[in-house]
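Here chain A shows up in two complexes: once beside chain B, once beside chain C.
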Partner chain A sequence: MLGSFLRSLQFLGLAAILLFLLAPVILVFPISFSADAYVAWPPSGWSTRWYGELLKNEELTEAFSNSLVLAIYVTILTLLIATPAALVLARNTFAGRSALVSLFTSPLLLPSIVLGLAILVIFVGYGLVGSWTGMIIGHLVITLPYALRVLMTGLSTLPPFVEDAAGTLGAGPFAVFRRITLPLIAPALVASAALSFIVSFDETVISLFIAGTRLKLLPVSLYHYVESRTDPLIAAVSALMVLGILVLVIVIERAIGLRKAVAK
Partner chain B sequence: MKDSAAVDQSNSSRRAAGVVFGLLLPILIVNIIAFVVPVLNLAAMSFRSATAIGSLDEALTLSTWQSLLGDTFYWSILWRTVWMGALITAVTLLLSYPLALFVSRRSGWVKTVLVVACISPLLISAVVRTYGWMVILGNQGFLPALIRASGFTPPRLINNEFGVLVGMTEILMPYMILSLLSGFGRLDPILDQAAETLGARPLTVLRRIVLPLSLPGILLGCLLCFVLAVSSFITPKMLAGGRVSLLATEIYDQAIVTLNWPLAACLSVFILFVFGAALLAYGQLSKIVD
Partner chain C sequence: MYLKVESLEKRYGHLVPVSGLSFSLGQGELLGLLGPSGCGKTTTLRMISGLIHATSGKIIVGGHDVTHLPTYRRNMGVMFQSYALFPHMTIAENVAFGLEMRKLSKADIAQRVSSALSMVRLPALGNRKPLQLSGGQQQRVALARALVIEPDILLLDEPLSNLDAKLRDEMRNEIREIQQRLRMTTVFVTHDQTEAMAICDRIVVMNRGKLEQIGTPHEIYERPSTPMVADFVGRINRIRCRWRDDGAIAFGHTAIGAVSTGPAGSEVLVMVRPHRIELRSAGAKAGRAEGENTIPGTVRQVTYIGDSLQYAVESEGEKIMVEQATTSAGDTYKPGDAVTLNWRARDTLTFAAEADV
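So, the complex of A and B:
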């Protein structure tokens, strides 16, 4: 009797903690359907007016399409740059190999506020602030470590003798890569792509430093919007972003498992 | 004959080295342009000084460091940053531990769903999640409405340290849960059963078996959360409304608002010192635990 009471108390506590963790993500949904001109609970009425406002808001729609295009560029470049590097680093042993791996993953260890400031100071001198080139390089430096790690883990789990066997049977190095390695690391590639896309699309601090005022990006515009006003418009954007991320989370989970992808 | 074979081999190994270098070149270029050079340059920047009109003095000087270290304002910011970081880490651990323990004891699809629910907030932009907290804690928000409905006057929950604590705790919980889950990996549930069979009560099992064995995961999670709490900028900025100065928010203000880059660079080096101290403490504690 007492045992079952304690057990249900335990479940309630755990449910409360989980609810705390998910509360901000869940609550933006009802607020996004508020009919009020400001954020207030409970809303005095329900409507879809803020989704309509969102489509009419030129700054946010421009920022959304910029962020989308940027994330696509960054994702493609990340895969093109990280895949050959991961192949070399996972398949060869040479002096300085582990030092290189540390060098390539260390941008993740630096606080993004320090990295953002450091990049800003350099980029100002070359006129890269507010440019697409500058934004792409600034995002690549943080998407590459994630992709490199996921791809190296993916490569280390497949037996090298499969590739050796293909080589023995007369396949050239490129044919081995295209016909054997690439299909086998497809899950790691999918996960790296999804992760790079999310990291680039969500990146706020580095973008805040180097996007300047010309190039509008969604997280930066959202941040500035929230700074000045609190109406349910941002809730509508947030709700849509949560749904989009949910789709990508399912993709990553299906490909390699979410835990492997995001572990620091 | 033997010689030409050796030459062949050295040629092919040189070609292999060239291929290796060529494949690594793109990532090396990005890393140097956007990481190595900027970071070294920032460190050098801390030995410059800003003139009154906001331009940089060419000469290398210790004056920015002197004015930083001599100003009690910056020491109070450092102190607040460290103790807020420690408090946030402690609360995050207290909330994450039971949840992570529960999740690690499930299996099959229940575990998958719980793991995804605990970790996926990580992938949602900090701006969105912090906005969610503004909706919950704001004066017209969800929680004050709840408190008002039960007949009390709600205290101010936002634009103060409490708001930052709540928001940061929630933002960091997924990292803590991830570290704890990896730490629970070496914890076999059969040990609990053995202890219970031998007559230990649940709390004793937790204190004598589960906690000690999961200490490495706890330490790793605490290091990660402390470091992230100290360097976070978006959440404190949005939830404190400019009323709580921390190292990271001060770096941003100096760099973007005041345009005093040398001072911002000094504060960045300051934050890296805090990181270094946390890493040292982690190293020492891990040695004790092992």
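So, the complex of A and C:
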């Protein structure tokens, strides 16, 4: 009696937490199809006009494509830098190794407003503010720690001695990496790529500091947009972003599912 | 000698897992590296395979110094304790890997892979993934993968320790059979003395990074050169005594005869294997042979373990273990029985007391 009562109480609590967490995400979908000129619940009518408005809004479409290109560059560079770094850090024991790991992952602990300000102060001197180069470097500061963490974990789950075994069978270091290590850490690579992409695409604070006024990025433009207006256009953008990230999460899930398939 | 290891040493700062290690083995010989965990046997194997670099010393294979060659140029087949099969490749791809690295033709590879899998009696499993196989099957794949490259030397690192007892004996004999058929020069690392005795031509007993003794299984067991070896390769009694001036060993009121002698008055460590001691009733006079020790004692404890009976006998204040094969006759000694302990002088192993550490 008491047990089942407690269980249903538990279930209700869980449902309440889920609703609380997901309500804003779910709500943007109906609001994005609103026919009203402002955000209101419930909408007085339904239409796809705000998606049309979005396509016509030059600033937001430009910012969207900029953010997309930036996220792709950042993701590729993150993998190119983080993979060799993770290999060195996960495989070798040398003096200062754990200090280096802490240093490389420390940006995760800093508030991004502190990071953004620090990066701004340095970039001003080199004329990097508002430039693609500056933007890419700024984002790498926050994507690299994530990627490094995920890749180092991926490397540590490699079955013991498979790389050694490949070496004894005549594979040189490069062949070992290409034929053994790379396929086995593929799930970690996919996960860190997806993570880097999302982090870069969503990053607001650092972008706000470094993008300046010339380079338009989606989170920054949205931020400026909501400062002045409250129409359902913002809900349309949000709905698209939620969908896009959902796709990425499914990619990650598939990648980790893939690992399960390999490791049983 | 086909493989020569000369004054091999490995250092990690203050740690010296292997030092001053020298041994050699001939073509087609199976040599065991035997010792307790942490004795440096696996480190030695990894140095031979090139997976770790020797701090000093030499490794010579077929007359060529390979000490400074990287692993992938050494042509050694290694079988790992955990098998280390590539989980993302099929069994056939696993076995083919070493041949692909050697740039053999596709047809050649396919033919060699299938004959290697037949050799380990797994011809039909080529398309499976390693994790779909049992432990024993995975091990056969690992063996096939190590042998298909026709290595100069086969290195086996505790290959049987992940198998259950029955399968272990079967695999042990199979490895020996294949090794003899191919006349494959092999180094076999194990901590299990029975395993080493059963299949090795010669055994290197290692302790604390150093060689204790090298010899045939028979030599290691019957003539251990140190107390550590005597202790490690089988159950044994150890008694501390002193040499008498007549060449015998003082043991309380009686004496123990041995083949060797030592300086009168000096301390000696006496070791006797429990199953080399025969128990007789204290009254019985019969059957006393020349050169045989007869020591009186009292049975304190009897343990029945099926194929043998273990007696704890007290004699001159020492506890001596005796093992006798059980028979269907079933008349055994009971605690409290007065008995004599009888064994041949040549079964008395003696060591300088300071060798006992």
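By definition in this document, the second predicted complex is superposed on the first by the 244 of 264 C-alpha atoms of A that agree within 3 Å, B and C clash if a C-alpha of one lies under 4 Å from a C-alpha of the other, contacts with A are read in each partner's own complex, and residues count from 1 in each chain.
Note that in this section contacts are C-beta pairs under 8 Å (C-beta built on N, C-alpha and C of every residue); 3 or more make two chains touch, one makes a residue touch a chain.
Remember, it's a predicted structure, so these values are computed and weren't measured experimentally.
Colleague: Once the two structures are overlaid on chain A, check if chain B and chain C clash or fit side by side.
Modeller: These partners fit in the superposed model.
Colleague: Once the structures are superposed on A, label A:249 by its partner contacts, choosing first (chain B), second (chain C), both or neither.
Modeller: first
Colleague: Determine how wide the angle is at the CA centre of chain A between the CA centres of chain C and chain B, giving a multiple of 10 degrees.
Modeller: Computed from the C-alpha centres, it is 90 degrees.
Colleague: Quick one: is A:81 in contact with chain B, with chain C, with both, or with neither? Answer first, second, both or neither.
Modeller: In the superposition, A:81 touches chain B alone.
Colleague: So in the superposed three-chain picture, is A:175 touching just chain B, just chain C, both, or none of them (first/second/both/neither)?
Modeller: second
Colleague: Look at the residues of chain A and decide whether chain B or chain C touches more of them.
Modeller: Touching more residues of chain A than the other partner does is B.
Colleague: Does chain B (first) or chain C (second) touch A:162, or do both, or does neither?
Modeller: second
Colleague: Scan A:94 for contacts with chain B and chain C and give back first, second, both or neither.
Modeller: first
Colleague: Using the touch definition from the top, say if A:183 reaches chain B (first), chain C (second), both or neither.
Modeller: Only chain C; A:183 stays clear of chain B.
Colleague: Nearest approach of chain B to chain C by C-alpha atoms in the superposition, in Å, rounded to an integer.
Modeller: 8
Colleague: Share the list of chain A residues that count as touching for chain B in one structure and for chain C in the other.
Modeller: 262-264
Colleague: With touch defined as at the start, can you tell me which chain A residues reach chain B in the complex?
Modeller: 13-14, 17-18, 20-25, 27-28, 31, 38-42, 80-82, 84-85, 87-89, 92, 94, 100, 103-104, 106-107, 110-115, 117-122, 137-138, 140-141, 144, 148, 198, 202, 204-205, 208-209, 219, 222-223, 226-227, 230, 234-235, 237-238, 241-242, 245-246, 248-249, 253, 258-259, 262-264
Colleague: Going by the contact rule set out above, which residues of chain C touch chain A in the complex?
Modeller: 49-51, 70-78, 80, 82, 84-88, 97-98, 101-102, 129, 131, 145-146, 149
Colleague: Considering only the defined contacts, which chain B positions touch chain A in the complex?
Modeller: Its residues touching chain A are 20, 23-24, 26-27, 30-31, 33-39, 41-42, 45, 95-96, 98-99, 102, 112, 115-136, 138, 140-142, 145, 170, 173-175, 178, 181-182, 224, 227, 230-231, 233-234, 238, 248, 251-252, 255-256, 261, 264-265, 268, 271-272, 275.
Colleague: Help me check something: in the complex, which residues belonging to chain A touch chain C?
Modeller: Listed in rising order, the residues of chain A that touch chain C are 159-162, 164-172, 175, 179-180, 183-184, 262-264.
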